[in-house]
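Can you keep this structure in mind? I'll have questions shortly.
Chain nomenclature is as follows: A, B, C and D, assigned in order of appearance, with residue numbering initiated at 1 for each chain independently.
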Amino acid sequence: MQLNREQLLAAYRMMRTIRAFEDRVHTEFSAGGIPGFVHLYAGEEASAVGVCMNLDERDKIASTHRGHGHCIAKGCDVDAMMAEIFGRAEGLCGGKGGSMHIADLDKGMMGANGIVGGGPPLICGAALTAKTLKTGGVAVAFVGDGGSNQGTTMEAYNLAKAWNLPAIFVVEDNGYAESTASNWSVSGTQLGRAAGFGIPAVQVDGEDFFAILDAAHDAVERARSGGGPSLIHGRLNRYYGHFEGDAQTYRGNGEVDRLREQKDPIMRFRQRVTEAGLLEGSQLDAIDTAVAAQIENAVMKAKAGAMPPPAALLTDVYVSY
Amino acid sequence: MQLNREQLLAAYRMMRTIRAFEDRVHTEFSAGGIPGFVHLYAGEEASAVGVCMNLDERDKIASTHRGHGHCIAKGCDVDAMMAEIFGRAEGLCGGKGGSMHIADLDKGMMGANGIVGGGPPLICGAALTAKTLKTGGVAVAFVGDGGSNQGTTMEAYNLAKAWNLPAIFVVEDNGYAESTASNWSVSGTQLGRAAGFGIPAVQVDGEDFFAILDAAHDAVERARSGGGPSLIHGRLNRYYGHFEGDAQTYRGNGEVDRLREQKDPIMRFRQRVTEAGLLEGSQLDAIDTAVAAQIENAVMKAKAGAMPPPAALLTDVYVSY
Amino acid sequence: MAKKSFRQAINEALAQEMRRDPRVILMGEDVAGGQGAPGEDDAWGGPLGVTKGLMPEFGRERILDTPITESGFIGAAIGAAATGLRPVAELMFVDFMGVCFDQIFNQAAKFRYMFGGKAVTPVVIRTMFGAGFRAASQHSQCLYPIFTHIPGLKVAIPSSAYEAKGLLIQAIRDDDPVIFFEHKMLYDDTDDVPDEPYTIPFGEANLTREGGDVTIVALGRMVKVANEAADALARQRVACTVIDPRTTSPMDFDTILESVEETGRLVVVDEAHPRCNMAADISARVAQDAFKALKAPIRMVTPPHVPVPFSPALEDAYIPSAARVIEAVRAVTA
Amino acid sequence: MAKKSFRQAINEALAQEMRRDPRVILMGEDVAGGQGAPGEDDAWGGPLGVTKGLMPEFGRERILDTPITESGFIGAAIGAAATGLRPVAELMFVDFMGVCFDQIFNQAAKFRYMFGGKAVTPVVIRTMFGAGFRAASQHSQCLYPIFTHIPGLKVAIPSSAYEAKGLLIQAIRDDDPVIFFEHKMLYDDTDDVPDEPYTIPFGEANLTREGGDVTIVALGRMVKVANEAADALARQRVACTVIDPRTTSPMDFDTILESVEETGRLVVVDEAHPRCNMAADISARVAQDAFKALKAPIRMVTPPHVPVPFSPALEDAYIPSAARVIEAVRAVTA
């Protein structure tokens, strides 16, 4: 899939926004300003952005507990996201959801999910809606390596195939589920499993934006043209702990530093597009600066935001109250 | 695996006992004497018996809603089984379980199961016990084609492999889950799925006793020697409806008649052992006669049995009452 | 008005709503049946024939058979509801909730709240419940207290064919997730059921008997049992009000409280397991909000705290009977 | 006696029972942690460090990390229990029950009954519950009413480090399936905890305060809240009995009924969702069996019927507070 200049800039901006967002949430969490459980997506940006560059308003995604990156890639408002994570009334969910339940159905983002394996069945439903109403839309479930072992995920594979749904499963294999290595927890292989369900699948370097972009392009095309579900297995890495506060003692010595240095998907994107003469380094620097300002602004606004009013406790339970 | 004369006679007797048991339950159900949901195993005898001939007291099995055959093959008392299905106090479970919950833990039969997919996780536990206590035992889960789509089953595959358990999954693929064909409901293949989890698997003619016997032999040997889980996919057929009362209109014209004529595992066994001169037809006829009398006797006893006393309603809930 | 069975009433409600609104779809194991099979299509219409005949009219695009994969397809129904369809999913027996409850209670029930009011999830989950079928421990439970416990779910429990049609149409038109409980022993019960579509609002109890001596609250099949008891008691000059809440979430506590204000006596009949059940829920609320009116202890008539037994002898003793309701009423009116 | 935290008390109970009985094993996601990873083994000891240090002592044969596969490993724990081990499985948050409830309520709970008394299933499922951690709707629920509802399960809810150790040892030695609820906000609470193993019998309530004016029943973290309220009320000359049932199944109703016979007043504090919860369960039983003694309406102090919100401002308002308990006591003693 060929991206034009605008698209390349947009992709870079998205990845950079995710990184800056997560780096800043990390800092703010350490400073004590952010409550609850927070799982950061830094390092995995190429996956969310590479996939979502292929999607439009018709399309839906379901995310995981590690949902900020998918949110941003699907177009959610960054200020509202930050406010949500700070538990503010201005938040994307009015402060009721927080990091683990960040969602914007208007953008086709069906939610981060506190339940590992919660998303794949939902995405079968979104795909069914698209198929039934002939919207042309597709639906994507992001799944962790750990989440690939949940029965709900595997049921969704079978169902998507039996119903021939325009569904795509993106297994983001960052090598760990909490502190447990995927090379231990995942018997067999992701591709082997997909094959076991008769689902076309590819493995890609999950830190190579262009590889994911292409894999997702094929899967989306297959889905839109009635060809049924696909699976993409991306190997990638997370830069922070499982959740904020995780000391990551289970990781190898210097593992994260080495990864940041050698595998960073944003750096690799940058290198590739500048070396190929597609974009100028200065253009990208400008984006970095703009994004930094945007995130700074988002944090300032979030902190200045209001706590939800007490009455909000009792609303949004049912449509009637 | 070579069976001696005694073993061959025992195998035949078991298969014949299952068939006669099920045929008679069918008749008694139609006559109105048996309450509730009853799922008959007639036609699938080679699977239960072929597998269980490889097992001994150390070994455990978990069955499905279609559990009578597995019970008999694992050595449960036929009189007590019949009494259970009639809801009598003398029943294997005191009349509290019925057909769908028939069990005898003393025999290593961990229960028929009213929940499709209920057994495979339990069998991981039984296998874990065997492994932890070094009993040398193995654990077998029987799974229907329909049950192979349940997430719990697929979780058990992964867990058994990750923990390297002495577990065996026997997929009894009779072509239907209720009225739904397995060629529609099972995306991909059973062997492909097993491969996806890194589990050694074979497909066998599920109506060929000797084929199952050998496949199970290999799997049991692998399990006992620390080689981890295996899967056996047997294609076979059921002769009665999904449950008693099912008109089976979804089946092909004359399908069951043709199967009974051409594929009957008991007839095939008989033919093979007599043609090979391993057993005499008269020996087998004698077994048929003895089994018929045994079943007749079981039914008479069951019908003459007592209903559980009212006090039984309130016992066996906890160990203390 | 035509006599129709509870089964027919449900079938008719589904058919009429599907005709009215193309976004209504149906899914579940063998809700049509025969998928992929060589013989009859629409071979089953559910294990007890409730949805039979819908597939020929609406086609397989709208009547979807599923693999045995409750998390998968119940989740799919919920995901479809959140994106524009109005699915009716069939969880064959409510006893199977244990393999798919997450999608119901953590996803469907909480979307709206977690997402700050932006989600609408108009899914209906039809499910069979209750004892009496000799179906034993894993196919005979009630479990509606569990669903009633969860904020964000609505729970409807029709007690007759008339209620079944009206409540189901309401459920389908409702924008919140609704769990619709069908007692398997009621399917053959007949009642006057209007041909045209109609709705019964949620949260409005129905008085099936009126009398000043005691208030009896009952749900589902227990409404029949309570009515039977009330009729017998009437002949003995004890006048009962029998209240069928029809939905437990929302729950019309007001009608119950008002009735107890008049009668001063309450008996609750609940087929669910006795701990943390609807009998407790209703009794506690009355003990809190109508205490002054109470002239006698509240009495709860429930099964014992045991799984549902298989043997008919035991199962019959398990299920609350009219005799036990009469005994409870006698105790509080003594 | 040494001061130990609730977390340490649980860790100690596990270690001591594992030393005593080789059949006791532990399993769950990251209960050791680091499986297959290049860095530290036993890297986690559970997400909040409760089981840290057990793996080095007992080895990976007895402390089993699992894939994320709750039906699989909870079912395995149950199957292992039914065949001779005494597993303690960790369901990390009780909110995850929805992906594995079947194995708990249809298998473990019912084996003994369905199989006519021949099964023994000594499994313990440890699980974290409760609000206050800003963990939002899917990681903050109580849900013990659901488990209490199910015949065949036992349910323990320790309210302090002392109770935690004694109840957990009892749970491990108990031959029935036990769901062991650990409130995540109690882990750092300290208490006098004997070094030697001891058990606290199930079904015996604990009186943490005694007073003749009103009976307050509370569970888990709410015992602290109730005690706080009772202390404040004592200063205002209202004498409260505070009862901690410690287990909800079996449930020591007798102690509660006896207390209400004396005080004539009941307030129940329950952090669970308000419908069909323990507050209702207890209140209803008292309205049935101690009605004559009641001098005032029963009052239930619970959260509202909404999911648990994320924002601290909302979550703090959600959780029952001492102020609300005091208000309830004042209302019934007015």
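A few points about this structure:
Please note the rule applied: a contact is a pair of C-beta atoms (placed from the backbone, for glycine too) under 8 Å apart; a residue touches a chain by one contact, two chains touch by 3 or more.
Here the structure is a predicted model, which means the values were calculated and not measured.
Chains that count as touching both chain B and chain D, per the definition above, are A, C.
Comparing mean CA positions across the assembly, the chain most remote from chain A is B.
Chain geometry summary: the mean Cα position of chain A and that of chain C are 39 Å apart. Here the spacing of chain C and chain D, counted between their Cα centres, is 30 Å.
Computed from the mean C-alpha positions, the centre of chain B lies at a distance of 35 Å from the centre of chain C. Residue positions 91, 93, 95-97, 101, 113-115, 149-152, 155, 158, 162, 184-186, 317 of chain B each touch two or more of the other chains. Chain contacts: chain C has residues 67, 69, 71-72, 95-96, 98-99, 102-103, 106, 110, 113-114, 136-138, 151-152, 305-307, 309-310 touching two or more partner chains. Chain contacts here are complete: no pair of chains fails to touch. The residues of chain C lying in touch with chain B in their complex are 29-30, 33-41, 43-44, 47, 65, 67-72, 95-96, 98-99, 133-139, 304-307, 309-314, 317-318. Taken together, the chain B residues at the contact with chain C in this complex read 35-37, 87-89, 91, 93, 95-98, 100-101, 113-117, 146-147, 149-152, 176-186, 248-253, 255, 307-308, 310, 312-314, 317.
The touching residues of chain B, counted against chain D in their complex, run 60, 62, 91-97, 101, 103-106, 110-111, 113-115, 118, 120-126, 128-130, 132-133, 139, 151-152, 155-156, 158-159, 162-163, 315-319.
Against chain C, the residues of chain D that register as touching in their complex are 71, 95-106, 109-110, 113-114, 136-138, 145-146, 148-152, 248-249, 251, 272-273, 275-289, 291-292, 294, 296-300, 305-307, 309-310.
Note for the complex: chain D touches chain B at residues 23, 25, 61-62, 64, 66-67, 69, 71-85, 87, 102-103, 106-107, 110-120, 151-152, 154, 175-176.
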